[in-house]
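So, here come the structures, one by one.
Below are two complexes that have chain A in common, paired first with chain B and then with chain C.
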Partner chain A sequence: MTMTLIETKTLGTAAASIEFTSIPQDGTDLVVLMSLREAGGSEADGIQMRFNSSSTGYSFRRLFGAGSGSPTSDTGGAILWMNSNTSTSNTFANASVYIPNYAGSTNKSFSNDGVSENNATTAYQAIVAGLWSNTEAISSISFANPSARNLVAGSTISLYKITKGSSGGVVVS
Partner chain B sequence: MSFSSIPASFRDLVLVVDGAATGGVNGAILRFNGDTGSNYTGVDAQGTGSSTGSGTSSGTSAEIGVAGTDRFVITSQIMDYSATDKHKTFLSRHSSAGDRVRMTASRWANTGAINTVLFSITGNSYIAGTTVSLYGIAS
Partner chain C sequence: MIETPTKVIVDCSTGESTIVPLTAEEIAQRETDRLAWEAQEAERLAAEETKENLKASANAKLLALGLTEAEVNALTA
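After this line comes the complex of A and B, so read on.
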């Protein structure tokens, strides 16, 4: 297994979205790591991930906690709750996404873990199951707030590819 | 799917399953080194999209997910798999947008180095195109 950085994008100024295009098709799986904060909104705002500029075919199951009360499960479509201007200064939310077989010809399942950071009671932690019901190979991924609020400067997303190595002598049966 | 003769040269192992079952609602399980003793325990939390739950398990294999006909991805990270001075712990995630999301912490009560990993769906089969990959994370 080799995990190789494809690209890191860090905003020098606030922007509405971050996008990776022309993703190499020679990997097996993709891993996305994010550190994000938005300009405005609330702790309950999320960021949406889109493949190949497609806005259809997405479904989700989420389990999340908000810092108090019982956890909740729903079928919402945000993959991460972001830190906003109402959260502790200089804190960014963190998330990861694992996308197996991104260059294959089956529908694309993915797994997401995320947490917002806040020095207060309200902060979100979530695990998300996602599916893009589309058999296209993933060649681009974009991230944007569905309410069109900007991501602040310093927001960073890194895209990695995981490539299978040799069997190393492992026997598969 | 079984992976055997696993070299002891890595730090951790990561199993990634992408696919679905041919029918039913089945346990997705791991078993190590052919051990069929009651040496596996776990605790999990899950959300179905309308309800939440948590549970514990113990038995002759480690249940790391519930595999049905909805497409899923399962990842399981097995820490210090080649150590000979500790029981083996592993963290798993089961993500199925059409069924549930689940996280499981498990333990194999054995200090032996893991050289075989069996992944199985109890009582059913994988659909064609299902992939099961085992990766090693270098020290």
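After this line comes the complex of A and C, so read on.
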């Protein structure tokens, strides 16, 4: 198995979303690593992921905690949480997404985990198992905030491909 | 003047990234997403509040039955 960096993007100025297009189809799985913060909001806010610009066909189960109370399981509208404007200054949420068989012709599953960072009681952590009920090969992925707020400068997303059957290692080119 | 939101497109075939304004269709979808997300979050927060209220009510009833606080905590933790 080899893990190869496809592209990484750090925002120089705030933007509504980051979209990776023309994703090479020669990998087996995709991995996305994120460091995100939004402009505005309170506590933490969601991260929205879209494949091939499609806004339909997503379903998932999310298990999460918010720093107090009992952990909750739901089928909410965002895959993970990102830091907001009231999170501790200059901190960013961390999250990862794993998408197996992204170039195949079956429905696409994905799994995610992530935390928001905050030096206070309220900080979210979540794990997610999801499905995109669509058989298209994934050629583009976008990440945004479902509250329609911008991602701040410094937010970073890296896209990797996993290739099976080759010698082990991580390749950054 | 209200600035048009932008998105950053990273073309994985060339490595180039460009900043482009959202189209009218994308802005409309963004607003649809926002309304849906706010409704879902309101529902989630209301459910959490209901759950916490039920928990507090149940604890109070157990204490009223004569259980000690340690016993209630052992049952509900």
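Everything below uses one rule, namely that the second predicted complex is superposed on the first by the 164 of 173 C-alpha atoms of A that agree within 3 Å, B and C clash if a C-alpha of one lies under 4 Å from a C-alpha of the other, contacts with A are read in each partner's own complex, and residues count from 1 in each chain.
One rule holds for everything that comes next: a residue touches a chain if its C-beta (ideal position, glycine included) is under 8 Å from a C-beta of that chain, and two chains touch if they have at least 3 such contacts.
Bear in mind the structure is a predicted one, so any value in this text is a computation, not a measurement.
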Superposition on chain A - do chain B and chain C clash or fit: fit
Contacts for A:Asn90 in the overlay, against chain B (first) and chain C (second): which applies, first, second, both or neither? neither
In the superposed arrangement, does A:Thr56 touch chain B (first), chain C (second), both or neither? neither
Mind working out whether A:Tyr98 is in touch with chain B, chain C, both or neither, as first, second, both or neither? first
Regarding the shared-chain residue A:Thr28, is it in contact with chain B (first), chain C (second), both, or neither? first
With the two structures laid over each other on chain A, which partner does A:Ala129 touch: chain B (first), chain C (second), both, or neither? first
Should A:Gln48 be classified as contacting the first partner (chain B), the second (chain C), both, or neither? second
Look at A:Asn107 in the shared chain and tell me whether it touches chain B only, chain C only, both, or neither; answer first, second, both or neither. first
Cα-centre angle that chain B and chain C span when viewed from chain A, reported as a multiple of 10 degrees: 100
Pick out the closest CA atoms of chain B and chain C after fitting on chain A and give their distance in Å. 11
Residue by residue on chain A, keep only those touching chain B in one complex and chain C in the other, then list them. 70, 72, 74
Residue numbers on chain C that touch chain A, as the complex places them: 5-15, 17, 19, 22, 29-34, 36-38, 40-41, 44, 48, 51-52
List the residues on chain A that touch chain B in their complex, please. 1, 28-29, 59-64, 70-75, 98, 100-101, 106-107, 109-113, 127-131, 162, 164, 168-173
Residue numbers of chain B touching chain A in their complex, please. 1-7, 9, 14, 16, 18, 45-52, 71-73, 75, 93-103, 129, 131, 133-137
Which chain A residues qualify as touching chain C in the complex? 6-7, 9, 11, 13, 15-24, 46, 48, 55, 69-70, 72, 74, 76-78, 142, 144, 146-148, 150, 159
